[in-house]
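In the part that follows, the structures are each spelled out as C-alpha cells.
Two complexes come next, and they have one chain in common, subunit A, joined by subunit B in the first and subunit C in the second.
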Partner chain A sequence: MSDELVKKTDTRSVTQNKFKRIVNVAGIYGVVVLFVILGVVLQALGIINNFLTATNMLNIVDAVSMLGIVALGMAFITYSGHFADLSVPTTMALTGIVAVQMLQFGFFVAILSAVIVGIVIGLINAFAIGKLKVNPIIWTLALNYMTLGVIRVVWANKQIYPDMISSSEHATKLFDNIYRLRFFNKIALPMIMLLILVVFFHFLMSKTRYGIQLKMTGAALKAAKFSGINVEWMIGSAFVLSALTATLGGLTVTSLSRVGAWYNGAGYDFKAVTAIVIGGMTLAGGRGSIIGVLGGVLIIGLMNNLMTLLGVGTFSQDMIRGIIFIVVVGLNAKSLRSMGRDDA
Partner chain B sequence: MGDRDTSKPAFVMEQVSKVYTGTIAVDKVDFEVFPGEVHALVGENGAGKSTLMKMMAGSFDDYTGKIAVNGQEVELKSPAQAKRNGIEMIYQELSLALPISVAENVLVGRLPKKGLFIDKEKMVEETTDNLSKVGLEHIDPLIPIEDISQHEAQLVEIAKALGNNPSILVMDEPTSALSREEVERLFEIIDGLRKTGLAIVYISHHLPEIFRIADRVTVMRDGKRIDTRDIGDVSKEELVQMMVGKSVTEFYRHETYSGEEIRLEVENLTRKGFFHDVSFHAYKGEILGIGGLSGAGRSELAQVLVAIDKKDSGSIVLDGKEVKASNMAQALNEGIAYLSENRKTEGLATRLSIRDNILGALVPKLSPNGIYDKKKGDPVLEKLIDALSIYPPDAEREVSTLSGGNQQKVLMAKWIAVEPKVLILDEPTRGVDIGAKVIIHNAIEALAKEGRTIILISSDLPELVSLSHRVMIMRQGHFIKEMQKAECNEESVLLAANGEGA
Partner chain C sequence: MMLNKLNRNEILSMGDKFRIYVLLVVVFITMTIFAPHFFNAWNLTSIMKTVSMNATVAIGFTIILIVGQLDLSVGTIITFAAVIGLGLKGAVGYGLSVPLAIVAGGLIGLINGVLVAKVKINSFIVTLGMLTALQGAIYTITGGNTIAVTDHQAFAISDWLQHQIIPMVTPRVIITLVLVIGSSVFLRKTRIGRNFFMVGGNSQTAWLAGVDSDSYTIVAFVISGVMAAIGGILFAMESAAATLNLGTNSLMYVLSATIIGGTSMAGGKGGVFRSFIAIVTLTMLYNGIVLLGLGNEVQIFISGIILASVILYEAYVEFKHEKLVGQRPELLKELEAAQ
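Right, the complex of A and B next:
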C-alpha cells in the first residue's frame, strides 16, 4: 500500500537543487570574476592603471597568501560549528617572536620551537572547548589577551630583531626567506604554501573519514555523538589545525616584518572570519568548502587591490570590509530563514 | 467568580479538525467543558490530544470547525486570541524564567507601574494575592524561581495563569514531575479551583489520576473522539479498551518465536538514579519489547547498553563475550546500535543530505585507511532508499525537506546500514503516519528474521504488543514483569506499566 500512499502525501517540490548546489560553489567564483571585470572596466575608463597585468594578479595572490593560510585552518573550526578562533592574532605573534628568539640556536630549532608553541596553544583550546565545552568565542578571546600578556611580560614589552639574535647570517637569511624566497623570480613561498594547503585541506575536508565526520559534528553535534563519533576529539582537532596554520602565518608575517613583536598578526582574526563567511561557509557549521574559502580570500585580495589602486585609505578599507561582512552574514541569515531554517 | 452559570458550557469545540501535511491529526472532534468541571482528555501517544490542546492555545490558524467560549463563537488563531478569550495553558514543561523573581514571572506582561518605574509594593501585593490561590502565600515574591522547588514552581505557573483571570484552564500532564504527596496537594488546589467555577481541561495518561480528579473523561484515538463519559460510569479497563481500540487490529501479528541461541545477557545492570539491577536476556532473531511509562528508565537503559552513558555496575554479555565498550563507537563495533527517540536532535542531522545521514554511522567502515570511499556507500544507500520507500528517492536531498515519516525512515535506514547484531529501537515510529509506520514495522520484522536481535522500546501499545515476541515491563527503574506473547495484550501491558498486576 504504502508506496503509493506515501508518494501522494508528499506534495512538496522535488526539484530542489543539483543546479542550486553548483551555483552555490560557483557563485563565489562568479563574484571573483565580477571583481576582475570591475577592475578591467575601471582600467578601461582610465580611473585606475595597471590592474590587469600578470604582475598585479600575482601581487593580489601574494598579498592574501598569509591571510589564506590562516583562514584555511580556521575554516575547520567554523565547519565544526564552533565559529572562529579569536586567539589567532597573538598565536601568530607569539610563535613569531619565539622563532626569532630561538634563532640563536639556528634556523631549524627556531621553526621547531614555534611549531611546538603553536601546538600547545591549539591543545589548550582543544581541551577547553572540546572537552570542557567552554564557549569558543569567549574562550579564544580570553586566551588571545592572556597570550598577549605573556608576550609583553616575557619580552618586557620589547621588539626583537632576527639579525641581532641569530646564531649566523645563514640562519637570518633562511628566516628572511620564509617570506622572500621566490621561484622563477615571481612565485613567492607563501603562495606555494597556500596552494599546498588548499589541495591538502580540500582533500582532508571532503574526501576523508575525518572530514565527513567533522561535517556531521558541525551540522548536528548531538546526532554526531549518537552516531558514535568522538565529537570532543573532532572539535579539539579543528582548534589544533587552526593553531598550526596560525603558526605558519605567524612565521611568515614575522619574516616579512623582520621583527618579533606583540602586534604581528593583529587583525587576522576578523579578516579570516570574513574570508570564511564570504566563501560560503555558514557560521552554523557543516556547510561550505575549502575551495569556497579560497574564493573568499581571493575576493578580499581583489577588493583590497582595487581599493588601493583607487586610493581608498586604510581606515576606509576597514570600514568597507566591515560593511561587507555584515551584508554577507545578513543575506545568508535571510536566505536561510526564507528556506524555513533559522540556523544561520 | 462564583457567579458563573454552570448550566451552559464555558467552552465548546464543534467538529474541529486539523490537518498536517498528509495526516489528519484531529478529525471532526466535538468537545465541551462546563464551568466548575474538570474534564479529562485521554488517549495514547499520537491520538491527537496534544494537537487538540494546541488548538485551544491558538497555535494553529488553519483549523476547521467552530469554537465557542461562554456561548460566543470565537476564533482561536493566535495565542493572543486564546488569552483574550480567557483560555490559559499550563504545559508539561514550565514556561517560567528561572533567574528572575516569582513576582516578575507571575505578573509578566502586566507589571504594575508608577510612572516609568515598577511599583514594587503593588507588585508584591498582587503576587501574594495570586499565590494565595494556590496555597503559596508563604513564598517571598522577590526570590528567583530557581530558588524554589520544582513543585512550587509548578504551582507558581498555575498562579500565573490564574492571574489573568481565565475562564478555562488547560493542564497538560501537570503531575509528570511531582511526587505523590505533591500530586495530592495539587489535586486539592484543583478541587478548590473547580469550586470557584473554573472550567478545567486535564490532559494525562496516568489513569489513576483521572479517576481521582476528573468529573468527565473524553477518549481520543487516531485523531477522533471515541467517547465522553461521566467518570462514575466507566471502569479503568473500559477506558483502556477505548484508548487502545479495535481499529488497529491490522497491526496485530501473532507470530510466535521460540528463541534458542542467546545473543545478549544483561546482569544486574545499574545506573544510579535511573535504573537498578536490571537483568534480562535476548535471543537471536527475537524482538524483545520493553514497555513502561515515560520516565521509567527505558531510554536510559538503552543509552548505557550502547555506552553513551556509563554504567555503575553490572555486566553486558554479547554472544558469550563481555562487552567492555567505553564509548559508542566501540559499542557499534561490537555490534550494538541505538536508534534514539529524539529524531530531530539526536537522530538526524536534518541540514545534511539523505546520503550523509543514512551513511552517517557507517563512515568508519567506508573509509579504508581513513579515506572516505563515497562510491562504496552507493549500493547500501540505494538498497535502503528502495526498501524503505524513502520519498523523494534522491540521496542528495536535504533531510529537513522530507516529511516526518520519511525522516523517520531515513533514521531507521541509518541503523539498518550498520548491520548490528543487537539493534535497540527507542520509539521507532513516534509521530509518523500510518504508511511510514507499516514500512518501519515490516523492516523491523525483516531484521529479526535475518537473525538480528531487536530491543523495542515503545509507548505505542499496539506496536509493542504486536511486534514483540516477549515484553518486559519497566517501572521506576526496575524490571517488574516479563510477559510472553500469549499473555501479552494492550490492556495487560498498560495495567502492568501502571504498577497494577492484571
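Right, the complex of A and C next:
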C-alpha cells in the first residue's frame, strides 16, 4: 500500500517536473512574444516607428549580446546554488586592459594573456568558494574591489588605447574587429559567439554528466557530496566558466569602446543576475536552463528597445526595469509554490 | 586533554569577538605614529563626521544579517531619504519633511520585508530590484541635480548639528551613539531583541518555538530602511545639500565593516556595537591612507584585501572545524600512545 503510494507520488512528481519545465521555458518565451506583440501593436497604432524591422531586431540582439555572453557563464554559478559572481565587472575590465597592454606583442599574445588572467581569477574564486566554502557574495565582492585596486594602482588611474600601444596596424585592426566584424554586413561577431555559447552550454548543462552532477550539487549539496560527486570541483568549475565568459565579454566591451579602463564592464554583475533570474533560474540552485537565460537576456533587450523607442528617459527606464524584475520573479516564485515546489 | 581543547576553542571564539577591538587599537596606534596630522582634534572630528552616517546605516544592516537576509538597497535608501527630506523642505519645512523621509525609508523596508517574508522571494533579488528602481526614482525626481537648501533656517540647523558641545562631540555624534548603544542593548537584553538571533539561527526552529519568524524578518527590513533614512537625512541636513551619489559607497563600506565586526552572513550571529567599532576602524584607516599621501586607488585595494582576508580567515577556521567533526582526537592520541 505504502509502496504504491510512493510510486504514485513519484510518477506525479516526474510529470510535474516535465510540465514545470515546459511552463518555465514557454513562460519566458511567452513573455518575449508578449513584448514583441506589444511592440507590433504600438507600431500599428503609430506610437512608435521601425520596431518590427530586420535591422531593429538585429540591433536588439546586438545590444544584449555581450550581456548574454556574460550571463550564460554566470548561469552555471547560479545553477550550482552559489548565487552570482560579483567579480565579473573588474574581471572584464582587467582582462580588457591586459589585452590592450599586450597588443604591443601582437594580437594573439594579447588574447592569450587576457584568457590566462581570466582563468587565474576564476581559479582564485574556485579555491576560495569551492574549497574553503566562503560565502560567494561577499567573497566575489571583495575580489572585485581587490582587482579594481590592482587595475587602478598598476595603471595609475590611466586609460590606455589600443592604437597607441599596438605593435602594428594589423593587430589594432584585429582587436577592433572583435566587436566590429560583420558577417553578411549584418550579423556581428558577438552574436555568433552568443549563439555558439548557447548551443554549447545548453548541451553541457542538460545532456552531459557534468550538467547533471552540477544540477544535483545546486539542488542538494550534501546529497550530492554523499553520492560521490566531487562538489568542490563542480563548484570551482562553475566559477572558472564564469570567469572565462567574463573574459570574452571584457574583450568585446574593450574592443567596442577602443579603450582599456577600470570602468569597462561596470554594472554587468547585476544586469547578468537580472537576466538569469528573469530567465527562470532560481537562486536556490539546480533549476532553470540555458535556453531560459537566453530568454531573459532577450526580454531585457526588448524592454530596453521598446522603452527607448517610446522615448522613456534613461532613469525612468531603471525604475521600470527594477519593478518588472521584482514582479516577474515574484510571479515565478508564486507559480512554483502553487505547484508545490517551494523556492527560496 | 579535553580541557585543553575547550580552552583552545574558547580562545578562538574570544578572538572572533575581540579581534575588532584589537584591530581598532592597531590601526589607531599605527596611524598616530606614521600618518602626519592624524592625531589632532580637527582630523578626529572629521573622522567622527564620516563615521556618523555609516554607523547609523550599519545598525540596520547588522540586524538584517542577524536574521539571515541581505539588503543591497541601503545605499539608495540613504540618497532617497536625503532627496525627500531636503526636496520637500521648501513646501512643508523640516518639521514635516524629515519625518516623511524617515517614513519613506521605513516604507521601502516594509516593501522589501513583505516581498522577502511573505511572497518568499530571495532577499538578494528583492533588494537588487529595489536598488535599481530607487536609483531610477531618485534621478527621475531630481532630474540629476544636487538638491541644496540655502535659507537661513537650514544653515542654522546645519550649524547646530556640527557645533562641538564638548571637543569632538557634536549633536550628530551623540544621536549616532544613542542609536548604536540603544539598539545594542535592545538586541542583547530584551526578549524581542534576542528573538532576532533565533530567527536568523534557524527560522523553522524559531517558528516552532513560538516566534513569528516572518514578522521578525519584516521588522528587520523596516529597521534597516529607517536607519538608512536617518543616516542619510542627518548627513544631508548637516551639509545642507543632497548629492545624488551620497550613498553610493555606503553599501561596500557598511558590508565590509559588519563582516569584519564579526557578524555572520549565515545569520544568527553578530553585534551592532562591534559593527560600529569596525566602522570607526575602517574610517580611521581610510583617513590615514589619504593623510599618508596615498590615493583613492590604494584605499580601494586595501579595503578589498582586508575584507578578503577576514572572510578567508573565518572560512579557514570553519574548514578546520569541519574536518574535526566526527573525529575523536583523544581516541586517536590514545591509539598513538598505545603503539
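Methods note: the second predicted complex is superposed on the first by the 310 of 344 C-alpha atoms of A that agree within 3 Å, B and C clash if a C-alpha of one lies under 4 Å from a C-alpha of the other, contacts with A are read in each partner's own complex, and residues count from 1 in each chain.
Following the convention adopted for this analysis, a residue touches a chain if its C-beta (ideal position, glycine included) is under 8 Å from a C-beta of that chain, and two chains touch if they have at least 3 such contacts.
Computed from a prediction, not measured in an experiment: that's the story for all the values here.
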Request  = Check whether A:119 is in contact with subunit B, with subunit C, with both or with neither, and answer first, second, both or neither.
outcome  = neither
Ask   = Which holds for A:157: it touches subunit B only (first), subunit C only (second), both, or neither?
value = second
Query = Touching A:139 in the superposition: subunit B (first), subunit C (second), both, neither?
reply = second
Touching partner for A:315 - first (subunit B), second (subunit C), both, neither = second
Subunit A residues touched - subunit C or subunit B, whichever exceeds = C
Query = So, does A:277 touch the first partner subunit B, the second partner subunit C, both, or neither?
reply = second
Ask   = For A:149, is the partner it touches subunit B (first), subunit C (second), both, or none of the two (neither)?
value = second
Request  = Considering only touches as defined above, state whether A:323 meets subunit B (first), subunit C (second), both or neither.
outcome  = second
Task = Mind working out whether A:307 is in touch with subunit B, subunit C, both or neither, as first, second, both or neither?
result = neither
Ask   = Of all the subunit A residues, which ones make contact with subunit B and with subunit C?
value = 284, 343
Message = Touching residues of subunit A toward subunit C in the complex: what are they?
response = 83-84, 128, 131-135, 137-139, 141-150, 152-153, 156-157, 270, 273-274, 277, 282-284, 313-323, 325-326, 329-330, 333-334, 337, 342-344
Query = If you look only at subunit C, which of its residues touch subunit A in the complex?
reply = 70, 115, 119-122, 124-126, 128-140, 144, 252, 255-256, 259, 265-266, 295-298, 300-305, 307-308, 311-312, 314-316, 318-319
Ask   = Which residues of subunit B touch subunit A in the complex?
value = 21-23, 308, 327-329, 331-332, 338, 340, 342, 345-352, 356, 360-361, 363-364, 366-367, 370-372, 389, 391-392, 394, 396-398, 400-403, 405-406, 414, 433-436, 438-439
Request  = Enumerate the contact residues on subunit A facing subunit B in the complex.
outcome  = 1-3, 5-7, 9-12, 14, 16-18, 21, 207-213, 215-216, 219-220, 222-230, 284, 286-287, 340-341, 343
